[in-house]
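To start, the structure itself, in structure tokens.
Each chain gets a letter, A, B and C, in the order it is written, and its residues are counted from 1.
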């Protein structure tokens, strides 16, 4: 099938691009494919949303989506010790950290609403189909994508009702896959888009939704923390948002440049909830949702070239997350809109399959650049100086921007790629995490049960270990098998067998967070898309 | 408040479900008649008459009722319906097939799979595969319901009800019995088995799975299940997998051998009436769900159990 | 011969449903909805019968809100020839559904209705049998194989403890069990094509049947949690408990 624009991923960036394209030029044919079985099923975000971009794209979202009901009314920031929570005076907060005017939302639900809006404008949206490959023309330009085969058996042989993939051809292809998309990764490598940019940086974010006692519920109250239970040398922190219907979102982020291979981000999150300040809120509540997803943390200096022959990167695929604000969805929407304007102009001029240089040139001067530039040193400082000193310095740097309009430090570089950060297990001791109590803290499997994750059983394992022997020698023997700890879904298990350790891959558990693809020390694991429709089924995430 | 209960039998023997459904019926009201329908079912009617609390057994013995095809049974029930304000059947293949026909022709809405009687017109029933329980009240003048028999204990066989013969006036039959393959596979189907024996990763090999899990299942006439690990590792076939991504089972007895109790597995068997766990790890999560737990080496305990059961069964 | 396959839109079988804290039902907000899996099996069977020549046209029907168009689109993509939406915003019970289906069967001159054996939301398992009763048709519930033989169908049923094969005169109602078939994968081209096909709509209120609810759901509860178990010391203990206490041996 031929379209003007093929968009991969029905998240905020992809849907914003689709909507803006139809707003600009209603006659354009626009298709969006989405690997989740239903729109929003793979969307997970905090989320306190900066509404500015959505207000510009579709102002009626406020009245029609039902997601603009909980404005932020009370915004706190804490440093945690094991027993205490020390509030940071609001006075110290740089203005750009303010959440005034923002809303506590479910980004998945916003995407559901945006998708319906896009369809009403004539955008074709097909959930349940994963884009497995880029399609190139003879000159090597991207001319679309191909969906994956369905109905292959475990060995990759076509089964009884095998359906081959289908090519979706477009004048331009928009990769809106979110963080570490499989096609984005290929495009970045093939077209050397990361050349000249800093190495990308990532975190892993966890989110649970809790139904709390009405007496504990303060809609619009939000708080963030850093410190306990993470050691000062490991970046990360928590978020806690009171939303609608007596529901509270509690989340935790661990920067993936952590060094100790025994660290388990999942268990750090579980432990975090046992802090007296958090336990009090949740202890009589019920956990109703769980999910996890990698987060882009490289910021301004890690953004790759965004345009390549026939295609562009937008949203988190481009890395547009503001780390100290832990927000990216506003930039995702903005980048979708920005690229749509440039695409509409190019298509109007009869262009196709060329490199949309104007978009790549425009983002730094746009609202996205203005959002990311002043905070660009926070992450490098945090990684280099640890949490306390790093955040203090990052704060000073943001103040410098606020007061003098420029940084004192220039633009700092990122130290190294996240997969290079791990140190051999021999240099560390295993961490004894408390056993889950099944009430406030949980194990991985009872957690992913809530994510509604499923993959059809009889299909090729979509987590591809290039060299099993190398995985054993390196990931297991040197690093002590960190995959069993960094994976938030229990996909990886090292089983000690008489014949030697064996990496058991429970691919059906995968919630598509992409952390393995990022953190595996030798980059020997590749996340590939499973059959469309597989993965988590997030409801209100 | 008379109640008509359709008996469940296999043509020669009254099945346990009848006594259990009778317990539910007696919670609705005291005037319970049991309808035994079929061909040459005198002995079945005798057994039914012996159940405690039965008012009368209605015996419908006719060629046209042979094999208890649902259309004929429904027609018979409708002929008798006049005198009853509640008509019930165990939620068996027959009850589930015949009773909605009865309900539709009486123009009432059936209440399926009753698990508790709260009032003569108010019942509990599971929805969403047991993930939620509904309390429903019927506004129909007559109630038609099927009873999930595992939720009720059978009444004792201490009664002595009178047996009345009822005539059946068949309409033209539009469906014909051809054949029946009882227990076609020697092993019951996993989803419908009364007893399931499941093995987990601790078995370690296909051979161990056969000699431990399958051998125990053989003695019990049970279906064989597995957690995900043996399936993933290839020593149990795909269609044995019990759990969130496999089959959901709710047998009367579930024996988990060497299964740690990952939630995905538990999701597939937590509705079993009685759960037994045998595992060497006393901290295995499976023990949180087990009615009876036995900690120890399965390679010792399971053969012991198999031997003990073989002895009691013979 | 025309075949009719009703499709119910239900919470996807992977979705985690949750009882509302106030007991007023199950929270379905933003949950993935799909065609009832047993209905998909029924549809696959109807399409296979058409492909084999015994059925001339497969009509899929859904009854409910405008959102049911989604499952009808999927039905068209899987192979239904036509799709009909009977619109109603009421929560309709099996009896009302059966009555609406009966009117459609008569209006369309349907010769074979294949339904899922039950819907995975309310688990009632009644509609097929009720439809058969209202039409005065024979029925074959829980089918695991279906063979058309001119004026009759030979159906193997999954019954307690085995398989039963019966022959039903046509027209008839068949309800599909899990092992009847595995529905085919629907490819993107079929879904794109289905998007172009019309969905006929009619209004449930104008079908001339009573739609009122007969059951009132007073409350919806979480299932009870299991009571704590006991640890036994020996195999002999275990056998005793199973026999005497649990009564399962």
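Going forward, a residue touches a chain if its C-beta (ideal position, glycine included) is under 8 Å from a C-beta of that chain, and two chains touch if they have at least 3 such contacts.
Note that the coordinates shown come from a computational prediction; the quantities given were computed from them, not determined experimentally.
Interface comparison, B-C against A-C: more C-beta pairs in contact at B-C. Put simply, the chain nearest the middle, going by average C-alpha positions, is C.
The mean-CA centres of chain A and chain B are about 47 angstrom from one another, to the nearest whole unit. A straight line joining the Cα centres of chain B and chain C is 21 Å long. Averaged C-alpha coordinates put the centre of chain A at 38 Å from the centre of chain C.
Shown for chain A are the residues in touch with two or more other chains, namely 449, 454. Here chain B touches chain C in the complex through residues 10, 67, 69-71, 74, 92-94, 96-105, 107-113, 122, 126-140, 174-184, 188-189, 191-192, 195, 252-253, 270, 273-276, 287, 289-295, 301, 304-305, 308-309, 312, going by the rule given at the top.
Considering their complex, residues 11, 17, 19, 26, 93-95, 98, 120-134, 137-142, 154, 157-169, 172, 178, 213-224, 226, 229-236, 238-239, 241-243, 246, 248-249 of chain C touch chain B. Interface residues of chain C facing chain A in the complex, by the touch rule stated above, are 12, 14-16, 18, 21, 29-34, 182, 184-189, 191-192, 195.
Residues 228-229, 232-233, 238, 241, 244-246, 262-264, 267, 285, 288 of chain B touch chain A in their complex.
The touching residues of chain A, counted against chain B in their complex, run 438, 443, 445-446, 449, 454-455, 457-458, 504, 506, 508.
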